[in-house]
Amino acid sequence: MIPLSWYLLLSAALFALGIVGFLIRRNLITIFMSIELMLNGVNLSFVTFAHQWHLVKGQIFVFFVMVVAAAEAAVGLAIIISIFRARATLAVDRIDLMKL
Amino acid sequence: MHLILFIMFAGLCLAGALNLLLQKHPINSALSLVVVMTSLAVLYLLLGAEFLAAAQIIVYAGAIMVLFTFVIMLLNAGREERTRGSVSAVALGFPAVAAILAVIATVILKAQDLGSASLSDGITSTEELSRVLFHELLLPFEVTSVLILIAILGAVALARRGNGEEAGK
Amino acid sequence: MNGPLLFLPLIPLLPFAGFLLNGLFGSRLPKPLVTLIALLAPLGSLAIVVHDAYLYWSGALAVPAIEHSAPAWISAGTLHIDFGFVFDQLSLTMLLIITGVGFLIHIYSVGYMAHEEGYWRYFAYLNLFLFFMTVLVLAGNALLMFVGWEGVGLASYLLIGFYFKRTSAADAGKKAFVVNRIGDFGFLIGIFLLLANFGTLSFSEIATKLAANPGWQGGVLTCIALCLLLGATGKSAQLPLYVWLPDAMEGPTPVSALIHAATMVTAGVYMIARNHALFDRSPLALTVIAIVGTATALLAATIALVQTDIKRVLAYSTVSQLGYMFLGCGVAAYSAAVFHLMTHAFFKALLFLAAGSVIHGLGGEQDLRKMGGLRKKMPITFWTMTAAVFAIAGFFPFAGFFSKDAILYAAFLQGTNGKIFWAVGVFTALLTSFYMFRLWYLAFLGKPRSPELHPHESPWSMLGPLVILAALSVGGGWIGIEKFGGFLSPAVGPMPTKGGSSSLELTLSIAAVALAIVGWLIAHLLYFAKPEKPAQLAASVSGPYKLLLNKYWVDELYGAVIVKPILAVSRFLLEWLVEFAILGGLAWLLAGLAMLSGAILQKWQSGNLRSYAAWLAAGAAALLLFALVPWTSVLANFGIHLNLVHFYGAGR
Amino acid sequence: MTILQFVLFSLLKVLVVTVVLLTAVAYTVLLERKVVGRIQNRWGPSRVGPFGLLQPLVDGVKLFLKEDLVPASVYRPLFLLAPVLALGCALVSIAVVPFGNPAVAPEGFHLFQISDVNIGLLVVLGVTSIGVYGIALAGWSSNNKYSLLGSLRSSAQLISYELALGLSLVGVVLRAGSLNLRVIVESQAGHGILSWNIFGGFQIVAFFIYLTAAYAETNRAPFDLPEAESELTAGYHTEYSSMKFATFFMAEYANMITVSCVASLLFLGGWTSPFGSLLPPPHNIILSALLPIFWFVVKVFFFLFLYIWVRGTLPRFRYDQLMNFGWRYLMPIAILNIVGTSLWLALKH
């Protein structure tokens, strides 16, 4: 028996760590992974609330988030690859011109 | 039992997330993220979402993260370069993160009617999930399939252009 | 509705169909087909009108018959305006004139315009004019009438500027349009006032309401009446807005005959007659109408004395005759005014068409001084013209005699003012007789003054209408004002006969005819017996002569007093205020703002992904803090009390 | 049953299954060498023990005693992690496979299955998908172009064929109405071979799709491009030697066995007898427990033999052919199969 608030706190912590990752990492791919971490944190809170209110829809929302994350990963990584082709670097601080 | 499992996997989760931040090499970060996701799958199972747990493993750990490692391997991304930082990222970002975390934590801790979870809680069966998904939420489901299709086309288009340029050289 | 079918909507719609067909496809259709469409449209309307007239005279019809379109046009609150068509004696008379004369002029135009460029365009416009004119006449409410009113203005503008390659024609079109706008402004104000005071625009309802309040006199009714009068002076070319009509002669001559003599310019008279119940309640407005009419009649007649362009003479003559009609309205003799309107439509259309025949025969020459001796070359034109001249001069038993006489007699019965109006009117009749015979002598008699011109008689498509109109000019008045007034009285009220007698009427008629004969004799003396005399006369009284020749410098006066200041103000507003101050200033302001914000945002838009993330996080944090922290109580702890009930809504 | 009992009982099951599985792996290797030898008209291993039956043992000893080389420029943590990950994943998925008829076991004891999971099939798929990491990381951390190419090929191949594989299973799941492997097997019981999914459920197309995709998943001939000797020396495990190499080797064969197990569970009725009620059920309790296991082992053996037979017979695909085949043929056919099965089931009800 553990209170659901623990799950929620864990989810908040994962989300915050995701933001921190975005802020401190310098590698484009790692930053992208931080975003995935944030999504996962949010997913956990969805599942927790689905459990709290006995609603299946909360879980289905997570399912949709996964689908969107998959799509996002496919397109995002394709973009990263084309950026790497153009710039030969993955360091975000070097990719600050809004043109290729 | 639930407590032990929770502490184990929540700890693993947080450790993985921290490791993701601290590792200099993207492949280590990626593997840390796989650890986080797998632990999360266990936590989903503890919350009675068995299908989501499987989906978490298959989709996140098995597909998305493989894609990440694949790209890391393809680009042969090495250790992070040391570059000049962003002042606003630190000066503005960290207080903001602290504020977000503080607010959310306050709200969660002050919430009165949150229940609790235990191993004896019912498990949401796949059948139940699919009934809702394919009846009430059929339209969003179909729309996501269109989204996936668009994403595939987008990814292919991006990759194609790169190939074309290389062929041009 | 019960009773026999009148097909009223078809009367305007047939010409409209003709307009659409010719307007859209005319350039690609063969010429005979264009002609066929153009002629069938007014013929169909004429047939319907005749059918309706037959229904009326056979007694099968109760007038006024009102036809409503099924759906309301405008429905706002208690206001309902529909496409109501009204059919009574007045509109029947007008419809007969418009479709009948209109059809004749269409036939005439086939011959007259045969070799012109834009043949299809001409007939499309002409059909469009018929559409709007019939709408105007049939309209059961002021707003629908206004649509027709504006529409005929549009058709008039298009037709005046038909030869748009000539600057003068385009300018004349613009002038007509702009001057008419002033009148339309008055009409529109009048409509608004009607709406405000009666709550309806339907003529019949307005008349009913007036009849229900017999004590309602003057005041706001005078105001409405004067506004409507301003509209009427614009459309009917009365003082002070008559200046556009002489210039409108730039259009093709059949157009001048149809629009600027027979039909459109009489719309003002028709409108006043249609609203006679309103004008009857305002003696002041009636007096103003009479004064305007009389003054216009005299003024235009004096100008017509010295004009040398055959069409301009006729144009001023039209203005003058319209003045008579206004005088008729002004003395509440609406039947007489409409009577004169009808006879004038016949003989003035005839005059224009005959003049057109002359111009056509002379290859476009319009200057009277170069004509002469055309009697032999163009006999039919000469004889029909003669009928028209005698009619307009008011010789018994021509049509003009009966109608003009009725107006003058009605004026004479109106007390002291009436006597003055009568005197001026009779004097104008003398002038009319003089200038018409002057034209007659100069054009048809005497010797040819320009040997290089080779006049020829016009084709029968042109002469046919002339003959028919000549017959009408001769016999159109024989019905007499008593019968005609009796026929019209249900629609426009009875003729005022107080204090009159048949002996008085006879005396006045004889006086008028005598003066007309005097005018003829003077013209004969000056332009036939001693052709060198007019030049001497002009030299001896050069001051008044120049005044008349330059039309009292009215155009120049308007130009100096109204047009130039308006132009100057417009130029100032456009070039300095709008162009420089507002647009330029705004442009500088916006450019400066954009550059300033750009300079600031540039720092922000660094392109660094991580700083964007930081701002995103900060924004999220701010939103969360705003949404979740109970600011009021936090502030209350510091002793600050905010009353935010209205901010968050009472529910909180 | 207390928690302690549960844990002990589960540990016991895990131990037994792992030992059996690893032994099976060892003897599958021997089987392959013998069968391929016969196909190639030679004897295969025959010196150690009768018919060479002790050969796996000495192979194990040899690999164990060899020097464990770790090249200098490898990325050490992942280089060490990769084989463990590969073998671990290969072994874990056996946990949800039911070997025998659970009706024989007393209530509450899953005697012939380590864990009876509702979503057993998804667990197998999930664990298989995690297994990719072993190969990918091995290739990348070796810092060797052959290894990297091999692992890239392998990862791409796994991702591509996993799609067809998963889709081919949907028909079976639709028929059973469950993801639980036990329930899926029970849905095929009744009329013996006629009620197996491959025949009774009209899943024969799905069966061949599954089989093809499974060969690709396990990097077996004719889809063994990631370790194509003639092109990439040994693919992702070029730099591995000694026990680490053995671990990869075991992982590969364990995967083969898992795939064979799943194939027989899903398409060939698992532990059920092909004769259905034609054979009277044995009254002996021991026999009624062992007979299902016998049928199951026979079916798995059949699949393993098929693996080896195919390897000895078919030439290797070219890489673009492999990708084309997976995306352009297998996947559309699998989708058509789903549509057809759905329609059939919908019309049947």
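For clarity, chains are labelled A, B, C and D in written order, and residue numbers in each chain start from 1.
In this text, a contact is a pair of C-beta atoms (placed from the backbone, for glycine too) under 8 Å apart; a residue touches a chain by one contact, two chains touch by 3 or more.
Keep in mind the model is a prediction, meaning the values are calculated, not measured.
Novice: From the C-alpha centre of chain A to that of chain C, how far is it in Å?
Specialist: From the centre of chain A to the centre of chain C is 77 Å.
Novice: In whole angstrom, how far does the Cα centroid of chain B sit from the Cα centroid of chain C?
Specialist: 80
Novice: Once you find the CA centre of chain A and the CA centre of chain D, what distance in Å lies between them?
Specialist: The separation of the two C-alpha centroids amounts to 33 Å.
Novice: Just how far, in Å, is the C-alpha centre of chain D from the one of chain B?
Specialist: Computed from C-alpha means, the inter-chain centre distance equals 29 Å.
Novice: What residues in chain C touch two or more of the other chains?
Specialist: Only 606, 608, 610, 613-614, 617 qualify.
Novice: Specify, in ascending order, the residues of chain A that touch 2 or more different other chains.
Specialist: If we look for residues of chain A contacting two or more partner chains, we find 19, 23, 26, 93.
Novice: Which positions in chain D are in touch with at least two other chains?
Specialist: none
Novice: If each chain is a node and each touching pair an edge, is that a line, ring, star, complete or other?
Specialist: If you draw each chain as a dot and join those that touch, the picture is no line, ring, star or complete graph.
Novice: By the touch definition up top, name every chain pair that qualifies.
Specialist: In this structure, the chains touch in these pairs: A-B, A-C, B-C, B-D.
Novice: So in the complex, which bits of chain A are touching chain B?
Specialist: For chain A paired with chain B, touching residues are 1-10, 12-21, 23-27, 29-30, 32-34, 36-37, 40, 43-44, 47-48, 50-52, 56-57, 59-60, 62-64, 66-75, 77-82, 84-85, 89-91, 93-94.
Novice: Where on chain C does chain B make contact in their complex?
Specialist: 606, 608, 610-611, 613-615, 617-618, 620-621, 624-625, 628-629
Novice: How about chain B: which of its residues touch chain C in the complex?
Specialist: 85-93, 95-97, 99-100, 103-104, 106-107
Novice: Quick check on the complex: what are the chain A residues that touch chain C?
Specialist: These residues of chain A touch chain C: 19, 22-23, 26, 28, 31, 92-93, 95-98.
Novice: Provide the residue numbers of chain C that touch chain A in the complex, in ascending order.
Specialist: 606-610, 613-614, 617
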